[in-house]
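You will see two complexes here that share chain A, one where it goes with chain B and one where it goes with chain C.
So, the complex of A and B:
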């Protein structure tokens, strides 16, 4: 960094006014008996972005803190940080190399979509059962391992799509069976501390699955072959710089950004399945029943919904979502019984960041973490440290968010149901 | 019967009786079976694939030693301790092996951080340790009485890496990807230092062990436009990085590329890195064609037992770490730690990797020969070579040895030339 004084000076200024804004605005809204849910967050972002000018305006007018205001001041703060960075380090690749920036943003989006998708399963389980599943990483691992064994060992030549579907079905079956056998004592007062019991039971499942696979398979990493080969194609055809062109193992946009085939396939599939999941939750009876249980368990039971069955469905669906993420990524990453540990940890961060029990929060939180990791890896001037801190970037965002908004980005302070609403 | 023959028979009986009494006395000092601890990472975040290889090798060593009659008239029992690749876990495991399992010595060890953390426990309790695959210089550099090592020094292996890099035509800038561990950090710094002193620029990227997604790092390495990439990462992380680099156009098929040592298990390598042709890999020990008889015998059993196509150098080191301890106990005639240390300092062990011995220790300090402290209780002779997968799907034992000259079987192929 050429002039670190500029950058750190701006950051110091933002922190000082951010703290002031957070404290003052919360106090102001509280004193005027207004909703203080977002006051601290908006105060911090407005103070950081525009300093005393924004704080005086907000103090005087105390407007309703809508989504537009929240997003607007947050973006302003991010732009200010980016501008300070650009002035302080003009030779940095993140400032001077447009192709590099585009690639990093694309990488962040792609991996963020996959992170977010995996976190969806965790938040679905938490919304209905009120339990954080510590076996989420193992479902991810099982999904990938099953696809590998189905396509490479047991039935060589099997269509990868069939293998992915089979892996999801098996993961759902494992989830449903485990929920029926091990988690039902939580619901009917048969254990003193149901939440702790649930956490420990899922811990047990995690260990069982991981070491069972290790005993059966061993520790050698494996990898499935690429599911599909893209045909060689350009659009517009025969253009000097096509907007989109595909090769067997990659796809390139705007002659600028290249995405490897397995990542592109995984991200697109995650988006399609997310849309299908939203359709299921909003347009089908079972989906609506799940949402009803998430909002108010007792009311849902009175309306004729069996909450216990929804518990089973939620746990099976959550496990299936993690398994699908694994099934899609086994063609991109080396796979072994311990492969789920890091993605599971990241899912916990994303779920809390997005707001416990919020499906949009999980997905947007995932994309946010992906982008922040890409920015940190690409922009931190010291190359050695940039990559070392990858796991910390998400934690920093999480810590800042929880300081300003303890319910997470989309979490609700007073959920009508026991655990949340999606 | 003459008087002299009677006297001779009397002397024979007396000598035999004395020998039996002495043997009985020794046996009374030793409780059977003799337990030898064995460190290996068998759980994440450790490199489990390496740990399982070492565990299998050390259990084969136990079988071989017991089949050959054991030690001091007793069988040996290898007690495996899972270090998980974590320093704090390694300390706890070393304590447990010594205080609960009653081991008289310890072999194995894969991650340097495990060796660095656990050696003090063993040394304080007077239990000899022969580390198998922990490279960090400080492990022997602290000159502790009970600590030995048969793996090469990190600084030494780094020398081979940068010396080889200097032979790459037109190399001006090298990107080094390292894990941020007690193995990776010093190895990358020493490699960078050697390159920089010889006029080659280097840039180091360090990552956590177990990192899966390298897309951002690969992008950044591409922006640096290096002439060569060196990977100092263990386990499947090296596979992930190498293939993701290949997907992005800076893999072994595109520029000179040294991948991680786990690529020596070529079956797993080709499955995980299908675009890994022309990768360079550092190998500890000579190629299989030059193995000792013991090495050949071990390789045959190991391959049959594990179903692997190659024997990894760390498996051979693990086998030797147990076998050399067994020989030292036999030669010491006791399981006393001090006696074993004395025996190890004088030992010449015919192992799978060659003849193992320790030049420096209590009897002669490395400084007497102008050498650094890291040569204390350090085997000075492990062969270090650089191989290259010149044919797709090739086994590591058939791969070309391209450096150093003493072992060279073929010229390296530089893909960007």
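So, the complex of A and C:
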């Protein structure tokens, strides 16, 4: 960085006004007897983005804090950080090199979609059961392992699609069995503290699954074959710089960004399954029942839905979603019994950021985290430090969200499920 | 229960003393064990026991935090690591020399010089020796160079762990259940990332070496022990475990324990009844985290190396599993569970062969461990050891209560709250 003084000065200024804004505005809204839910967050962001000017304006007028204001000030704060960075380090790759920026953003989006998809499973479980599943990473790992074993060891030559479906089915079965065997006592007050019981039980499942796979498979990394080869294809054909161009192992857009085949396939499949999932949740009886239980357990029971059945369905679906993410990514990354830890941590960050129990929040949070991660990897001058700190960025976002706005971006005041409380 | 069916069983008062007697016997056993045991694998057995005591401290303090106060923190190992790394960094960067080096940052210190060594990282491109080593090469042994006392590092580690626990305790005041678990997990990951990333100072994954617990040897019972002998660290860790258990017992029996349990059962109700929930939550975090940090600092000096790998989630799961299997709401049971399981894990290490298939027990034992954890959670909600203690503790209590009840109804001085209630004049 050429002039770190500028960058850190701006950051320090933003932090100082952010803290001041969050404290002052909450107090002001409280004193005026207004809704304080978003006051702290908006105060922090407005202070960070515009300094005292915005704070005085908000202080004087105390407007109703709508979504538009929240998004606006947050974007302004982000733009300010980016501008400070660009001024401080004009030679940096992600300021001067447009192609690099484009490919970083694409990579961030792709990985963000997959993260978001995985977090969706976690948030689905939380919205119904009120439990954060600590075994989410292990379902991811199991999905990948099953696909590898099905296509490469047990049934060589098996269609990858069939293997993915089989892996999902097995993960669903594991999820449903675990829920029936282990989680049923927490529904009817048979354990003192159901949420903690659920956390510990999923923790035990994670531990057992991880070591079971390690005992059966060993610790050597594996990787599945590419599921499909793209045909050679260009559009528009015979152009000097085609808009879309495919090779066997990659796809290129606008002659600018290249995405590797496995990632592209994984992201597209995730989006397709997400659409199917949305269809299921909004258009079928079972899906509507699930959402009803998430909103109000007792009311759903009165309307003739068996909430306990929905618990099983939610846990099985959540496990299946994680397994599917793993099954799609086993062709892109090498696979180990411990591979689930990192996506599980990301999912935790994402669901808290998006609001525990909020489905759109999980997906948008996933894309945000993917982009932030891409920016972090690409822009930080010291590459080695950047790599070590990447897990920490997400966790800092998580801790800050929990402190500033525990409901996350889209969360409800009280998360759903019988046991959801802060 | 044996006593209540009126057979030739022991009297309940007697039975109630059994856990105490067993505790005394167990303490005596562990206190005398190193002196009596003469197996060929002496050092190995000692090492297993020291590690078991280390986990017992962590598991007992975690059960105070999670089982008594209901704060399910998944960052306990982070505080342990903070203690260990404080001790390591302190011992690594602070030295006392007889003369000024002229190279390092240094201040006069009671006739000597307090030297702060410059961090050079794992592989420095320009330096292969830090400033103190350079000065020592120049002096060639003519100037005395002493390291900081080990105990000071441990005390500092404890204080840092307590401070970190205090700060985290303040931050998590508003968070409950799932949110608390995620926050503490996040904290743990941040600590791990910082330790791994600041390679210049913490040497990252390479880890930091520490001097042994007693670098100059120690004389116990008129017998001299060298720095690598197992008996001094054994008694140090065992004494620390007993101290921690004593403090926890004292806390649990005082009003503090009562309030903290009220916090667990219903935070809002406790607050409404006048319990300062904020204060007790922060205090319980501070104390238990300081204990974890002390254990970490002592263990770091014992194994003589600290690495960020001590923050793997596996380590935390071990502590959690030990506490749950022992009995999460009873820290003595949690400590016993930790000792028992650590020994079992070592015993189960030997692989065996069934029908030509070799079973590699180094991983399978952890699978069984996980299964045991789940079975315990599902069917023995108070763990496996705590109900055993309770069984003796509560011997005859039911019969006594019935007796007292009947006495209040019929006996002299019967309270007005029972049958007489109907006769209370208007």
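The rule is simple: the second predicted complex is superposed on the first by the 412 of 422 C-alpha atoms of A that agree within 3 Å, B and C clash if a C-alpha of one lies under 4 Å from a C-alpha of the other, contacts with A are read in each partner's own complex, and residues count from 1 in each chain.
Everything that follows uses one rule, which is that a contact is a pair of C-beta atoms (placed from the backbone, for glycine too) under 8 Å apart; a residue touches a chain by one contact, two chains touch by 3 or more.
Worth saying up front: this structure is predicted, and the values here are computed from it rather than measured.
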Between chain B and chain C, positioned on chain A by superposition, is the outcome a clash or a fit?
clash
Which partner chains sit in contact with A:197 here, chain B, chain C, both or neither? Use first/second/both/neither.
second
Just to be sure I read the superposition right, which of the two partners does A:391 touch: chain B = first, chain C = second, or both, or neither?
both
Quick one: is A:205 in contact with chain B, with chain C, with both, or with neither? Answer first, second, both or neither.
second
A:214 contacts which: chain B (first), chain C (second), both, neither?
both
I'd like to know which partner A:228 touches here: chain B for first, chain C for second, both or neither.
neither
First (chain B), second (chain C), both or neither touched by A:15:
neither
Applying the touch criterion given at the start, work out whether A:345 contacts chain B, chain C, both or neither, answering first, second, both or neither.
second
Based on the superposed arrangement, let me know which partner A:239 touches: chain B (first), chain C (second), both, or neither?
neither
I need the one stretch of chain C that runs into chain B once the two models are overlaid. Options are 38-46, 56-64, 290-298 or 362-370.
38-46
Those residues of chain A which chain B touches in one complex and chain C touches in the other:
214, 341, 384-385, 388, 390-391
Chain B-facing residues of chain A, complex
93, 97, 100, 103-104, 107-108, 110-111, 214, 218-223, 225, 249-250, 258, 260, 263, 333-334, 336-339, 341-343, 373-374, 377-378, 383-388, 390-391
Within the complex, which stretch of chain B touches chain A?
42-45, 48-49, 51-52, 180, 203-208, 210-213, 215-217, 219-220, 223-224, 235-236, 239-240, 243-244, 247-248, 265, 267-268, 271-272, 274
Where on chain A is chain C touching in the complex?
126, 130-132, 181-182, 185, 191-193, 195-197, 199-201, 203-209, 211-212, 214-215, 341, 345, 348-349, 352, 356, 384-385, 388-392, 395-396, 398-399, 402-403, 406, 419, 421-422
If we count contacts the way the header does, which residues on chain C are in touch with chain A in the complex?
66, 70, 72, 171, 174-179, 181-183, 185-187, 189-190, 192-194, 196-197, 199, 204, 264, 313-314, 317, 320-321, 324, 360, 363-364, 366-367, 369-371, 373-374, 377-378, 381
